[in-house]
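What follows is subunit A paired twice: with subunit B in the first complex and subunit C in the second.
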Partner chain A sequence: MEQIIANGLYLGAQYALIALGLTLIFSLMNVLNFAHGQMYVFGGFVTYTVVVQLGLPFIVGLFASAIVLAIMGAAIEKFLFAPVIRRSKRDESTMLLAAGIAFFLDAVILLAFGEKQRGVPKIVNGVFNWDMRIIMPYDRILIGVLAILLIVVFIGFMNYSRTGRAMRALAQDKMAAQLMGVNVARYSMIGFALGAMLAGLVGGLLVTITGVNLGMGGPTSVKAFLMIMIGGAGVISGAIAGGFILGMMESVGLTVLSAYGDITYLVIFATLMVFLAVRPQGLMGKPWG
Partner chain B sequence: MTNILSVENIELYYDHIYALKGVSIDVAEGETVALIGANGAGKSSILRAITGLRPLKSGRILYQGERLDGASASDIVRRGISMVPEGRRAFPLMSVKDNLLMGAFTRTDKAEIEQTLESVLTRFPRLRERYHQQASTMSGGEQQMMVIGRALMARPKLLLLDEPSLGIAPKLVQDIARAIVAISRDEKVSILLVEQNSRMALSISNRAYALSTGSIALSGNSRELMNDDRIKAAYLGGEL
Partner chain C sequence: MNAKKLLGFAAFLLAVFVLVPLIIKATGRSDFYYTLTSVALLSVGAAGVWLTFYIGRINIGQGAYALVGGYVSTILVTQAGVSFWLTLPLAGLFCALISVLIGLPILRLRGVYFAMVTLVLTEVARLTALALPITNGAKGITSIPLPGEFSLFGITIIPAFGSLANPRFGFYIMAVVLMIITYLVLWRIVNSRLGHLCRSLQQNEELSASIGVNTAYLRVLAYAISSFFGGIAGAMFASIAQSIYPSSFVVADSVNFMLYCFLGGLGYVFGPMLGTLLLYFGWDLLSIAREYQLLIYSGIMILLMLVLPNGVLSLLDKKEGRA
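Take a look at the complex of A and B:
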C-alpha cells in the first residue's frame, strides 16, 4: 500500500509538471499543444547530450533542457502560432499546426539524436528501504522531490509575480488584460516558452530514471491530455490534480492489475469516459476553459 | 481650457458595417463629459477606438495634443488612459487584491503603487473588506466598484467609463454616481462617461454628447440638455 502511494506520488509529480505546461498554453492561447510530448522527449535528449556526450554535471543538463525548450517554445509561438491565430479564426487551424509541429519535432529528434533509447547514469546510488514497506531508489526520491519543488516554484511564480499575474489575467479575460496594458503578443510568447520549458524540465528529470526514446512523444502528449481532462483544462489546480490522479491510477494499476495483463490504460480510459460523461468540465473546470 | 482628448471625425467599421460615421468629441482638462445614446448607437465603439481595441477607418484622435490612433492598446494605457469596460470585465478568479494590482500593471514605482492602493481602498471601503475574496463571488455593484478602483490604480489622466450603472441595483447606482463625482473632484483626471442612464449621466457631467446610430445628434452643457425637449423625448422619457 505505502509502496503504491509512494510510486504514485513520484509519478504524479512528473505528470503534474507536464500537465501544468500544457494547461498554461491552453489557457493563454486556446491552443492544444499536440507537440507537448515531443518537447518533453527533446528535453530528455538535451540533458542526455549535455551529461553523457559533453560530460557535464546533471544540473547543467537540466538547465540546458530548460533554456533550449524555452527558446524553442518562444520561437514556435512567435513564428508559427501567432501568425496562424492572427489570420485564421478557426480552432482547427491551430490544432493542425500543433499536430504538424509534433511530426516535425519527431523528425528533428530522429535526425539529431537517433532512434535509440538513451539514458543518463544514476545521479545518486543506493536504495531507500523503510522496513520493506516502501522501497525506492534514492535517485527516484531526489527526482520526485525536485519535481515537487518545481511545482511549488511554478505556483508561487503564477500567484505572486507580476508576470504570473499578467498571464492569469490574460487567461481569464484577454480584453480586460489588454486594457491593463498587458501586451498580448509578448505574454502569449512568454507563456508558451514557460509551458515548453516545463515539458523540457520533466524530460531532463526523467531521462535519469527511465531514459527517453523517440517513440515516447506521442503517448506522453496523450497522457498529458488525459490529465487536463481529468482536472479541467486551463486550471492550474486541475492540472496538478490530474497529474497526481493519473500517476496514482497508473501506480495502482501496475500493481493490482498486473496479474490480468497490460490492461492498466484500458481501465483508465474506460473510467475516464464514464467520469467525463458525468462531469465534462473535469474536476476543477471553470467556465473560462 | 485645453483639450486632453480630441476625437476628430472618426469612422469605425465592423467588417463592412459602419458603427461610427464621422464622430467628433472633445474632453477638456479636468472635465467630466457624458456620452449618451440608445443601445447600439456606437458609444462603446468610440471608447474602443480611443483605447486602441479597434482600428479607425478614418479620422484621428489627439491626446494631450499628440496622435493617439494607431498606438497599441498597451501603449495607450501607459500614456495615461484607463477604461472601465462595459459589463465590468473583472478577472473572475482573481482576488480583489490581484484585480487591483493588475490595474497598476504598467507602473513600476512600488512604493507609490502602495499609496494608490491605499487611496482606492479608502475610497471603496467594501474592497478592503473583500480584499482577499475572489472577484466572481461579489455582487455586481461591488465588482463595479472594484473595476473602477482597478482603473484608478493606473493613475490615469483620462478615465473612460462604459455604462458603470449597467445591471446594478438602483440604490447602488447612486453610490456609483457619487463615486464618479468624488473621483473627478479628488484626482487630476478627466472623465468620459458613457451611459444609457441619461439622467444620471447628465446630472454628474459638465457637458454631454447624444449619439444616434453612429453620429452625434446633439451636444452641449449637461444642465441645459437635461431640460432640452428633444433630449427629454428621446433619452429621458422612460426613466422619469
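Take a look at the complex of A and C:
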C-alpha cells in the first residue's frame, strides 16, 4: 500500500508539471496545444544530446532543454499563433495549427534525433528501501522531488512576480487586463514560452528514468488533456490536482486491476466520462471554460 | 443559379466516373484507385465531423465510431454470415445508437471540453477493442471475405467483388457512390429546417433555446447522424482492407478527420471533401520525398493555415466580396 502511494506521488508530480504547461497556454490564449507532448519529447532529446553526446553534467542538459524549449515556444507564439488568431474567424482554427506544429515537431525529432529510444545514464545510484514497504530507486526520488520543487517555484512565480500577476490577469479577463495596461501580445508570448519550457523540463527530467522516443508525443498529449479535464481547464490548481489524481489512479489501477489484463486506462476513461457527465467543468474549472 | 449547381454536379460526376479512370489508365498508376477510395471514404467520415462543427462542437472522436462501425460489420460478416450490404447500414445504426447514449451526457460540454472528451473517446474505443474477447484483441480480425452479390427482386445490382476482374476499380466506384450520397444527404440537411436550427445552435445556444428550439434533442440528433457516417466509413474501410485491428483507427486518425474539415473550410458543405483530397492525396504524393515527407507535409499545413486561416474554400468568400 505504501508502495502504491509512493509510486502515485512520483507519477503525479511528473504529470502535474506537464499539465501545468498545457493549462497555462490554454488559460492565456484559449489554445489547446496539441504539440505539448512533442515539446516534452523534444526536451528529453535535448537533454540526451547535451548529457550523452557532449558529455556535460545533467544539470546543464536540463537548463539547455528549458532554454531551447522556451525560445521555441516564444517563436511559435509570435510567428504562428498570434497571426492566425488575429485573422481567423473561429477560435478553433488554432487547433489545426497546433496539430500541424505537432506533426512538424515529430518530423524534426525524427530527422534530428532518429527513431531510436534514448536514455541518459542514472544520475544517482542506489535504491531506497524502507523495511521492504517502500522500495524506490534514489534517482526516482530525486526526480520526484525536483518536479515538486519546480511546481512550487512555478506557483510562487505566478503568485508573486509581476509577470505572473500580469498573466493571471490576462487569463481572468483579457479585455480588462488590456485596459489596465497589460501588454497582451508580450505576455501571451511569455506565457507560451513558459508553458513550452515546462514541457521541456519534464522531458529533461524523465529522460533519466524512462528515456524518450519519437512515439511518446501523442500519448503524452492525451494524458495531459485528461489531467486538465479532471482538474478543470485553464486553472493552475486544477492542473496540479488533475496530475496527482491521474498519477494515483494509474498507480492504484496498475496494481489492483493487473489481474484483469491491461484495462487500467479503460477504467480511468470510463470513470472520467461519468465524472464529466456530473461535473462538466472538472474539479476546479469555471463553467464552460 | 440552380442550373449552375446542376451543371457543377454533372461536371463532378463526369470527373470522378469518367475522367479519373481515364487518367489512371493513361498513366498506369492503378495504385491511385486505392488512394482515391481512401479519400472518398475518409471524406464520408469527415462529413460527419463537419456536421458536429455545424452545431458548434469540435469533434475529435470520429475515429472511435469508424472503429466501432468496422468491428460491427466485420463481426456480423465473419461470425453471423450476414451479407456485407446489410451490415453497412447496421454498422451505421449501431454507431448512431451508441453515440446517442454517449452524446446525452457529453454533449452538455462545450468548446475545448467537448473536444478533449471526444479525443479520449477514441482511446476508449481502441482499449475496448483490445480488451473485449469478441474483437480478438490486438491480433484483430483478418481475411474478411470480400463483399458478395447484392440483388433486389432477382436483378443483380452490385456483382460479387470476388468475381470482378478489377476489385480495386469496384471499390473505387462503390466508395465514390457512397461519398456522393453522403454529401447529397448532408447538403439536404444543411439546407433544411434542421440545418437552420443547427446554425442557430452554432451561433448562440442559449438564445436559440430561449426562442423554443429543443437544443438538447438537436445536438444529439446531429451527433448521431455524424456517428452514422463515421460507422459506415469504418465498415467500408474494414471490408476493403479485409482486416481490422484495434489500431486501425487511432487518435491520429480522429485528429485527421478534424483537420480535413478545417482545411477545407468550415463554412462550406463540400469543404471536408476538398480538405480530405488535399491532405490525403498530398500526403500520398509526398511519399517521393522519403524521410522529409512529414516535414514538408506539416510545413505546408502550417503555411496554409497562416495564409488561409479560414480554410481553402475561404478563397471563394473573397471573390464574392469583390463582385
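As a convention for this text, the second predicted complex is superposed on the first by the 287 of 289 C-alpha atoms of A that agree within 3 Å, B and C clash if a C-alpha of one lies under 4 Å from a C-alpha of the other, contacts with A are read in each partner's own complex, and residues count from 1 in each chain.
Here, a residue touches a chain if its C-beta (ideal position, glycine included) is under 8 Å from a C-beta of that chain, and two chains touch if they have at least 3 such contacts.
Since we're looking at a predicted model, the values are computed, not measured.
Which one hits more subunit A residues, subunit B or subunit C?
On the superposition, C touches more of the residues of subunit A.
Just to be sure I read the superposition right, which of the two partners does A:Gly181 touch: subunit B = first, subunit C = second, or both, or neither?
In the superposition, A:Gly181 contacts subunit B only.
Under the stated touch criterion, which partner chain does A:Val84 make contact with: subunit B (first), subunit C (second), both, or neither?
Touch status of A:Val84: second partner only.
Looking at A:Leu266 after the superposition, I want to know if it touches subunit B, subunit C, both of them or none. Which is it: first, second, both, neither?
The answer is second: A:Leu266 touches subunit C but not subunit B.
If you stack the two complexes on chain A, which partner ends up touching A:Glu115: first (subunit B), second (subunit C), both, or neither?
Touch partners of A:Glu115: none, neither subunit B nor subunit C.
Now for A:Arg165: first (subunit B), second (subunit C), both, or neither, which partner does it touch?
A:Arg165 contacts subunit B only, not subunit C.
Based on the superposed arrangement, let me know which partner A:Glu92 touches: subunit B (first), subunit C (second), both, or neither?
Second partner only.
So, A:Gly218: does it touch subunit B (first), subunit C (second), both, or neither?
second
Give one of first, second, both or neither to describe whether A:Phe26 is in contact with subunit B, with subunit C, with both, or with none.
second
What residues on subunit A does subunit C touch that subunit B touches too?
288
Can you name the residues of subunit A that touch subunit C in the complex?
By the definition above, subunit A touches subunit C via 26, 30, 32, 34, 80, 83-84, 87-90, 92-93, 95-97, 99-101, 103-104, 106-108, 110-111, 218, 222, 225-226, 228-229, 233, 261-263, 265-266, 269-270, 272-273, 276-277, 280-282, 288-289.
Spell out the residues on subunit B that touch subunit A in their complex, using ranges where they run on.
Touch list, subunit B to subunit A: 51, 53, 72-74, 77-78, 82-83, 85, 89-94, 98, 101-103, 105-106, 150, 154.
In the complex of these two chains, what residues of subunit C are touching subunit A?
Per the stated touch rule, the residues are 53, 58, 102, 105-106, 108-113, 115-117, 119-120, 123-124, 127-128, 130-131, 251-252, 255, 258-259, 262-263, 266, 291-292, 294-295, 297-299, 301-302, 305-306, 309-310.
Within the complex, which stretch of subunit A touches subunit B?
Going through subunit A, the ones touching subunit B are 162, 165-166, 168-169, 172-173, 175-183, 286, 288.
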